[in-house]
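Below are two complexes that have chain A in common, paired first with chain B and then with chain C.
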Partner chain A sequence: MTDAVHPVAVIAPPRSRNGAAALLRAVVRNRLARVGLVIVVALCAIAIFAPVLAPYSPYDQDLYRVLAPPSTVHWLGTDNLGRDLLSRLLFGTRVSLFVGVVSSLISAVVGVVIGLFSGFKGGAVDALIMRVTDAFLCFPPLIFILAMSAVLGPGLQNVMLSFALFGWTIFARIARGQVLLVRELPFVEAARSVGIPPMRIMYRHILPNIAPPVLVAISIGIGTAILIESGVSFLGLGVQPPLASWGKELRVGFTYLSAAPLFSIAPGVMISLAITAFNFLGDGPRDALDPRLRGDGVRR
Partner chain B sequence: MNASLAGKAGPQALLSVRDLTVEFAIDAGVITAVNGVSFDLNAGEILAMVGESGCGKSATALALLRLIADPPGRIVGGEVRFRDRDLLSVDETEIRDIRGNRIAMIFQEPMTSLNPVYTLGRQLGEPLALHKNLGGETLLAKCIALLESVSIPEPQQRLQSYPHQFSGGMRQRVMIAMGMSCDPDIVIADEPTTALDVTIQAQLLELLKAQVEKRRAALLLITHNLGVVARYADRVNVMYAGRIVESAGADDIYAAPRHPYTIGLLRSVPRLDRPVSEKLAPIEGQPPNPLDLPKGCPFHPRCPFAIDKCCAEAPR
Partner chain C sequence: MGKYIGIRLAHALVVLAIVVVLVFVIARLIPGDAIMAAMAGSVDLHDPSVVAKVRHQYGLDQPIFVQFAVWLGRFVRGDWGTSIGTGERVLDMFARRLPVTLELFLGATVWSIAVGIPAGIIGALKRNSTLDMAVTAGAMVGVSVPAFWEAIVLIYLFAVLLPVFPPSGYVPLSDGWLANLRAMVLPTFVLGTHSGGLLARYVRSSLLEVLGQDFIRTARAKGFSETAVIVKHALKPSMIPVVTVIGLSWGGLLAGAFFVEVIFAIPGLGRMSVEAIFQKDYPVMQATLIVVSLNVLLVNVLVDILYGYLDPRVRVRG
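On to the complex of A and B.
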């Protein structure tokens, strides 16, 4: 759960002690966000307590029970090496969530800083930064990450690194667009007119006002990162055996689709569930950061 | 016509503006929004700037504190003398120290002049924290006193409220309180009541006047409302097409307007001392295209008294 709310702290400088509480309240008030929150919390719990929850070690092979159908012994059956699929999925949650959250956060921080600077500076600096962003955006994400992985070598860290290298462009675009909008608002002029230095205006007056769309993008970005990790692992460049991730399971299970359908369907369901949950959750903070929808303070 | 008259107020002027020129570069060309404006503002007086939309009143006000958005705007020349310093040439730190501290501004749009994500207390206290190094209890007490002085009830609770929880009139009260917070020498109010309804306008102007008088601050009141000028201002500058065309005492301008544009302005507003049946006389034509100002006096195409000479040279 903290993982889900944490991005707010990174993007919006803490306004007050009860800011986080207000945020949480708003998430809880929105029905879809609540569903998302429950699923995300559940996924985080699974990730944390995987060793306790999993009935078997994800690495123990039972070559006599290869591709076993679901049974009371193996709830979701076994994989091609006779490992318990449920255990592998539970442990895979760790990898997938970690990759999703970390790479999305890194790209958000990098992207927002660049976008903020670019939009605030304007002129030639802005034009240059935006052309670079455009250049990055020309690549289809998967191709870019595959190319990066090919250069850096396979492995989880490299997937995250290449996702961050690619993902910042979207955040930069969003942040810059919002800055262009916000910096023209009269309160920015009013802030200048009382002598507040530009840097302070940027992080204190503009940054919090561009946060809502960025938060939504972070939440959706986590979903995308999970999907990309799955895709890259599916293609064999991400997680390396014997480590489990949802994408990796999907990839291996896919080959046995007719013999053991659950082998690929179950990880597929996990991926969809996680992405949907993060997308739902994205709507909550958006409302929470919109002060007109925020219910605290004196209202009459 | 009388631009030079303004320049004779003498050396005691608090703020003296000479030949201020501001240009805006747009795709179609360069607009000279403020064209060699000169005037003086004396300590404790209320000086009104009147003129129609786009005549350069707001640009003049913003230029005084170098707040013109650059690009597209640019202050190309002139001098703004305040306390032996030319505000147009001091460095960034120095001008920032003057903004909000010695010269405060109150804007037109109370609905959007406050940052929606912060409580009132956070914003109201910002100039004080910045310029007077106040903090903690002192700052809180000062903010409460400020809100009290602009007649906002329950100031202590109100400091916790967000801007959207206030009406437009209340927000403008807050903006006035914020403008007054550092006891400035000069307050520039850029059409402070335009966005508010009429009953609130009068209240706020009274408040503004009372506040500047209490602090013996000078007020530069930008408006297009001649009624406001008559009631509140000591002196008036009438602007047209980026120039000050007439400058006079507020009473004189009603009794004996001298520039044809001022005469036109006065005849185009209803007056209580005239019969209701009397028709208002609009100023014919449109304000000139700022990209292509008429040669000579910019007002001549609309001027009932224009003679051949008007097309050739601007009056001095």
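On to the complex of A and C.
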């Protein structure tokens, strides 16, 4: 339902066998996407080199320096247990990126397989699968994932599982929409006519052609997963102590807002930066790949 | 148009049936029985007779299909059960908190439209300019910044550093509109920012698409001024998808209300639902999931019908 202007469903296939290259070109050409790419690469570097970059262990407590303001010793100050906030944020990057990437990839794999099957099969099977995705999409993702996290119990794995249980629907719709566009193209008909089995047509001929919008959606999905992980952790159902997570720091920091504003503001900056970067990275190519927005309709 | 509406309603009914089954299944996924899990602190679960009594009282000793039929029958008749946390009737809890959340929604929707539509129009008309870049980036930031962080920053700025608004709490309209307004400014702003950003992006895309079409070129070829082309010819058709976006952002508003009501201590549906989720108060949890999804579904159907009415091509594709 309401797929008439779905942000990703309108993307037309590039009709080229090298969709990934076209996508990369779109990223490089788009200013916002370039900014997004730089930030994402920087965040990945922070996540990988966190033990080298962090001045302290994220778990070392100094109860004599609780809620210390920023100083040359602790650049962002300390938290309520005297732990270095900068170190916890740097290590928190690992958690957020891990949750974002893993959740989004699981959702993408499951969703694309279902969407491919649904679009290629058509008929009653397609109608049933689409109604099931519609039913899932009736739940705002955060509310569904929050409810699932409560049911499954707190913890990182359950947040990722809850996200995947919901996230596949978005990828299924995108993949199915693209299959409907691609399956009528001459090269698919040609493949059918020479007797190539349906599974091979899906894997070899259709999948590469639907890759660009799926990759765009994965990028946006990572941002969404980071948002949801931090939201669920903020409410206390996500990452459990002593693991460092941006959402969890934000939640604890909120309690000390007057005394140590950076304690909650700094994690929020990291969350917003990461989500914005992945959205920029996904959104730029989306505009470039959308044939309706390619023309320059405004007279200058 | 009648056939189109019929198909949409039939789809919606099928979706509703799947939603209802999903909600029932989610509540049954709680390890052990949901009721038993929630009552673990209040009854002696080591006593088999007590456990059997509670299971019988809540119908948990019935086959799963019977439990589903009984639950659905009661729900449809308005018997949404009793809250395990408060002992109150769930329907009464919803009725009491609904006006508060509706006030928040109304304010957020007005705010998002007031900001999103003009920003989107400016972005499209000044495409690829610095202004467009600022609008696009601003809209993206609006969409990306988490509501809970935005709320914290605003509380720090306007309640701690510069005490203009109260940091939290709700004042009913009956206690004075000014006090009510002061308490609702920050929550409304936070809740509407995301939808405002979303709206700005869609309006920009939609107007750009319309501006690239043949009838606009024709209007220009006829010698209309650029203002006339935009105001008389381009704006109206470009607003059609905006209807869909306002519908789509409804679900986002519901999710945002969860955080906004918790952070600002507003006694609405969102805060009630979060408390229910934490207490594993599953009658309230189930009712929340049903009400939220039904809300989104109804808005989607209305948007689909309205969209079909406004754009005949959608009806034909139907």
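One rule holds in what follows: the second predicted complex is superposed on the first by the 248 of 300 C-alpha atoms of A that agree within 3 Å, B and C clash if a C-alpha of one lies under 4 Å from a C-alpha of the other, contacts with A are read in each partner's own complex, and residues count from 1 in each chain.
Heads up, the rule we're going with is that a residue touches a chain if its C-beta (ideal position, glycine included) is under 8 Å from a C-beta of that chain, and two chains touch if they have at least 3 such contacts.
Note that the structure is a prediction, hence the values are computed from the model and not measured.
Student: Give one of first, second, both or neither to describe whether A:181 is in contact with chain B, with chain C, with both, or with none.
Tutor: neither
Student: Can you tell me whether chain B or chain C touches more residues on chain A?
Tutor: Of chain B and chain C, C contacts more residues of chain A.
Student: First (chain B), second (chain C), both or neither: which does A:123 touch?
Tutor: First partner only.
Student: Does chain B (first) or chain C (second) touch A:41, or do both, or does neither?
Tutor: Neither: A:41 stays clear of chain B and chain C.
Student: State whether A:66 touches chain B only (first), chain C only (second), both chains, or neither.
Tutor: In the superposed model, A:66 contacts neither chain B nor chain C.
Student: With both complexes overlaid on chain A, does A:195 touch chain B (first), chain C (second), both or neither?
Tutor: first
Student: Looking at A:220 after the superposition, I want to know if it touches chain B, chain C, both of them or none. Which is it: first, second, both, neither?
Tutor: Neither partner.
Student: Thinking of the overlay built on chain A, is A:110 touched by chain B (first), by chain C (second), by both, or by neither?
Tutor: Neither: A:110 stays clear of chain B and chain C.
Student: So which positions on chain A get touched by both chain B and chain C?
Tutor: Common to the two interfaces on chain A: residues 292, 297-299.
Student: Note which residues of chain B are touching chain A in the complex, please.
Tutor: Those residues of chain B that touch chain A are 65, 67, 71, 95-101, 104-105, 107-109, 112-119, 126-127, 130-131, 157-158, 160-165, 175, 178.
Student: Going by the contact rule set out above, which residues of chain A touch chain C in the complex?
Tutor: My answer: residues 1-2, 4-5, 31-32, 131-132, 134-144, 146-148, 150-153, 223, 227, 230-231, 234-237, 250, 254, 257-258, 261, 264-265, 267-268, 271-272, 275-276, 279-280, 283, 287, 290, 292-293, 295-299.
Student: For the complex, which residues does chain A have touching chain B?
Tutor: The touching residues are 15, 122-123, 185-187, 189-197, 205, 208-209, 289, 291-292, 294, 297-300.
Student: Which chain C residues qualify as touching chain A in the complex?
Tutor: 8, 11-12, 14-16, 18-19, 22, 26-27, 29-31, 124-128, 133, 136-137, 140-141, 143-146, 148-149, 152-153, 155-156, 160, 202, 205-206, 208-213, 216, 220, 226, 241, 244-245, 247-248, 251-252, 254-255, 258-259, 262-263, 273-274, 277-278, 280, 285, 288-289, 292-294, 296-297, 300-301, 303-304, 307, 311, 314
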